[in-house]
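Multiple structures are listed underneath, in structure tokens.
You will see subunit A twice below: alongside subunit B first, and alongside subunit C after that.
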Partner chain A sequence: MTLALYVPRASVVHRLPAGAKLLALAALSVLVFAVPTWPVVCGALATVLLVGLVAARLPAATLLRQARAVLWWLVGLFVLHWLLSDALTGAVTVLRLLALVLAAAVVTATTRVTEMVAVVERILRPLEGLGIRPARIGLVIAMTLRFIPLIAERADRIREAQAARGGSLRGLRALTTAVVPLLVQVLQLAHTVSEALDARGADDVPVRRGPRAA
Partner chain B sequence: MKTKDLAYIALFAAITAVLGLVPAVQVGPVPITAQTLGVMLAGSILGARRGFLSQALFLVLVAIGLPLLASGAGGLAVFAGPTAGYLVSWPIAAFVVGLLTERFWSRYNLAWGVLANVVGGIVVIYLIGVPVLAAVANLSPKAAIVSGAVPFLIGDTIKAVVAAAIAVQVRRSYPVIERPQRAVAQL
Partner chain C sequence: MADPARGIELRGVGHVYGDRVVLSDLDLRLSERRIGIVGANGSGKSTLARLLNGLVVPTTGRVCVDGLDTRTHVREVRRRVGFVFQDPDAQIVHPTVAEDVAYGLENQGVPPAERAERVAEVLERYGLADHADHPAHLLSGGQKQLLAIAGVLVMRPARIVFDEPTTLLDLVNTRRVARVIEELEQQVVVVTHDLDLVDGFDRVLVVDGGRVVADGAPDSSVGAYRELMVHR
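On to the complex of A and B.
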């Protein structure tokens, strides 16, 4: 399973620091909500498309996929506004949302996950006083990404074990025979992983690297 | 916070992600997904603090560009969309579920579990999700409630009961909120 929405390209937009792109995105959303007029919203949409398709050379399919996710919702919203108020307000609201969704998609497609993690660590640094250790973010993210396929794998194994005993996983009984055992298994697994990490000194040094294997 | 807590937090972020593989049913603007089951489970198995952090971590993973939401959505785009309020409410919902679960812990059973999940996992999510939907989509409060809350009540109630039933059994065999009495990590 490919786990990233990043689209590699050699472009100016890709090379921009992640923090700058996130700030630009925030500024854009403030702008289109503060000044919801025709020229501003259309200008924002055109700028986003120019930056995404021309400057960053992203394939149109990348942006289309994100637009399709909200398409029906946007159409419904437009109709609702048309019926309740007027078509112009509806069009501005819909185009504003479309511009923001596409802008966010451009930032996501042009920024590596590792760069985003670095930004998250930087944002969380002021919270260090509250007992949050930003340096551990990378470790926790690595653990999560390892757990996702692991849970799916354990679920398959339990399903096979039940099938071998002639049990079926239908209805409420599946809660007791499959879901609860699965949860207990993965909780024990998480505990074991944490012990393994502690044995390697994860609890006293701020860890920057994820576990090599779980 | 011990490494064990970090592992549990990572685990429940992963569980919410895996529940995203269950196909979502699109009803109007907001999809019905199995992922709020993960939110309720995080609160009722890990408690308030770790439940909150696990779902916050899940949102961080979505924001940095992993397609972990139901139907493979992800990236910053979802936080600009109409369902942003529902997403952002998840850590808070898990926190409230956890808080109530901890309060009920000594006499926790299906009924208390359902109560905690309904208050934290339904009321809190709607209280945050619906106003944001109304604001982002320029909808009247009534239209927002009709399109953003009513279609989900039945499904969410079922999820609250299922999550409570699971939590009751997990509490019996592997309690995380209370320190386990015996050494249990024998794999």
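On to the complex of A and C.
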């Protein structure tokens, strides 16, 4: 399993600050929802593709993978709109969502997780007075991204082990018999991870940190 | 006040999990540069390793590192004693290689420029420089273990404890990690089932039933351990 993570390239898009890219993503969302017309939506999609493929020099497969992940959802949405209103509205709706999915993929593929997390921490900093620790929230985000593929990998291993003993690889039964051993493994992993965080000085986290750099 | 000459000291140490006695009556001074700890599964050796940097606090007795009690000076102790776990997947907490190595330095409040320099240096040293921006979960088992070691070394601890660092590795990567351990300038304490790994160490402890039953040069300790296992 792969997540749309950072794709290293020496491009101007990669060098842009994470905050600017997130702001641009927010502005694009507002634009395509506020002005849902053919020219705006097609223009937005073309711009995203130009920025992603030409300016950021991302592989087409990176964007294609993201589009494929939401393909059936978009098809369903198009059919629903076609049945309830008309095909043109359905096409505009689908294209604007596709533009946003691809724009988000471009942002995540050109921005290191730590840069993204630093932005989240900056946004949350005013809440420190309420006892919220932005660094901890940032760590949770980074760890979520880190452990999703790992846990998916472990789930696959459990399913394979069960299949090797005659169990089913797919279907509801396979899912239910995999849940308990996976839960046990995840709890064991969580215990060791908490020890590792302690060993690497998680409790030493300063309240304020400078910008992250690897 | 910290005194590096004192090394790691255990005085009257015992530890229990619920009703189960895991370690009892340990009195040790660990000052040699290369120390191995061997023992059967469930012998208490991993708990002993965790005592050395305060991940586990003893139920009875005291563990001191450079004169600092792990019960009262846990942060200082953890800065002095790095810990490498058996499963690198549990130790790698950030999605990409360089970000993960930088994690411990962020916790120490190291400024970004120095952080970047130290991360680059340690990645270069362990042949991971070309993988700096790669997702950690796509590395091989050997590379993940090197990344875990790099994440600890970048923090420049004076001592490093390894808990079964080669258990999940193939022969080539086992040799690679053994070479890395051999080249370290720091004091290392290695808990292992791999008896070849402790060959050439200064001292090897054999733990059985929560007690140290042999303590000496690798040849005599490993011999005692083999003898013990034959009669098990």
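What we mean here is this: the second predicted complex is superposed on the first by the 131 of 214 C-alpha atoms of A that agree within 3 Å, B and C clash if a C-alpha of one lies under 4 Å from a C-alpha of the other, contacts with A are read in each partner's own complex, and residues count from 1 in each chain.
Simple rule for what comes next: contacts are C-beta pairs under 8 Å (C-beta built on N, C-alpha and C of every residue); 3 or more make two chains touch, one makes a residue touch a chain.
Quick caveat, the model's predicted, so the values are computed rather than measured.
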item	value
First (subunit B), second (subunit C), both or neither touched by A:A174	neither
Touching partner for A:G201 - first (subunit B), second (subunit C), both, neither	second
Partner chain(s) touched by A:I158 [first = subunit B, second = subunit C, both, neither]	neither
Superposition-derived comparison: subunit B or subunit C, residues of subunit A touched	B
First, second, both or neither for A:A103, with subunit B first and subunit C second	first
Partner chain in contact with A:R136 - subunit B first, subunit C second, else both or neither	first
Touching partner for A:C42 - first (subunit B), second (subunit C), both, neither	neither
Which superposed partner A:P8 touches (first subunit B, second subunit C, both, neither)	second
Overlapping contact positions on subunit A, where the subunit C interface meets the subunit B interface	3, 5-6, 113, 139, 143, 145, 150, 189, 192-193, 195, 197-198, 202-203
Touching residues (chain side subunit C, partner subunit A) in the complex	50, 53, 55, 75, 78-79, 82-83, 85, 87, 89-96, 98-104, 106-109, 111-113, 115-116, 119, 132-133, 135-138, 151-152, 155
Contact set on subunit A toward subunit B in their complex	3-6, 22, 25, 29, 66, 69-70, 72-73, 76-77, 80-81, 84, 89, 93, 97, 100-105, 107-109, 111, 113, 116-117, 120, 131, 136-137, 139-141, 143-145, 147-148, 150-152, 155, 172, 175-176, 179-180, 183-184, 186-195, 197-198, 202-203
Residue ranges of subunit B touching subunit A (in the complex, touch as defined)	1-4, 6-11, 13-15, 17-18, 21, 26, 28-29, 41, 45, 57-58, 60-61, 63-68, 71, 73-82, 136-140, 143, 162, 165-166, 169-170, 173-174, 176, 184-187
Subunit A residues within the subunit C interface of the complex	2-3, 5-6, 8, 112-114, 139, 142-143, 145-146, 149-150, 153, 189, 192-193, 195-206, 209-214
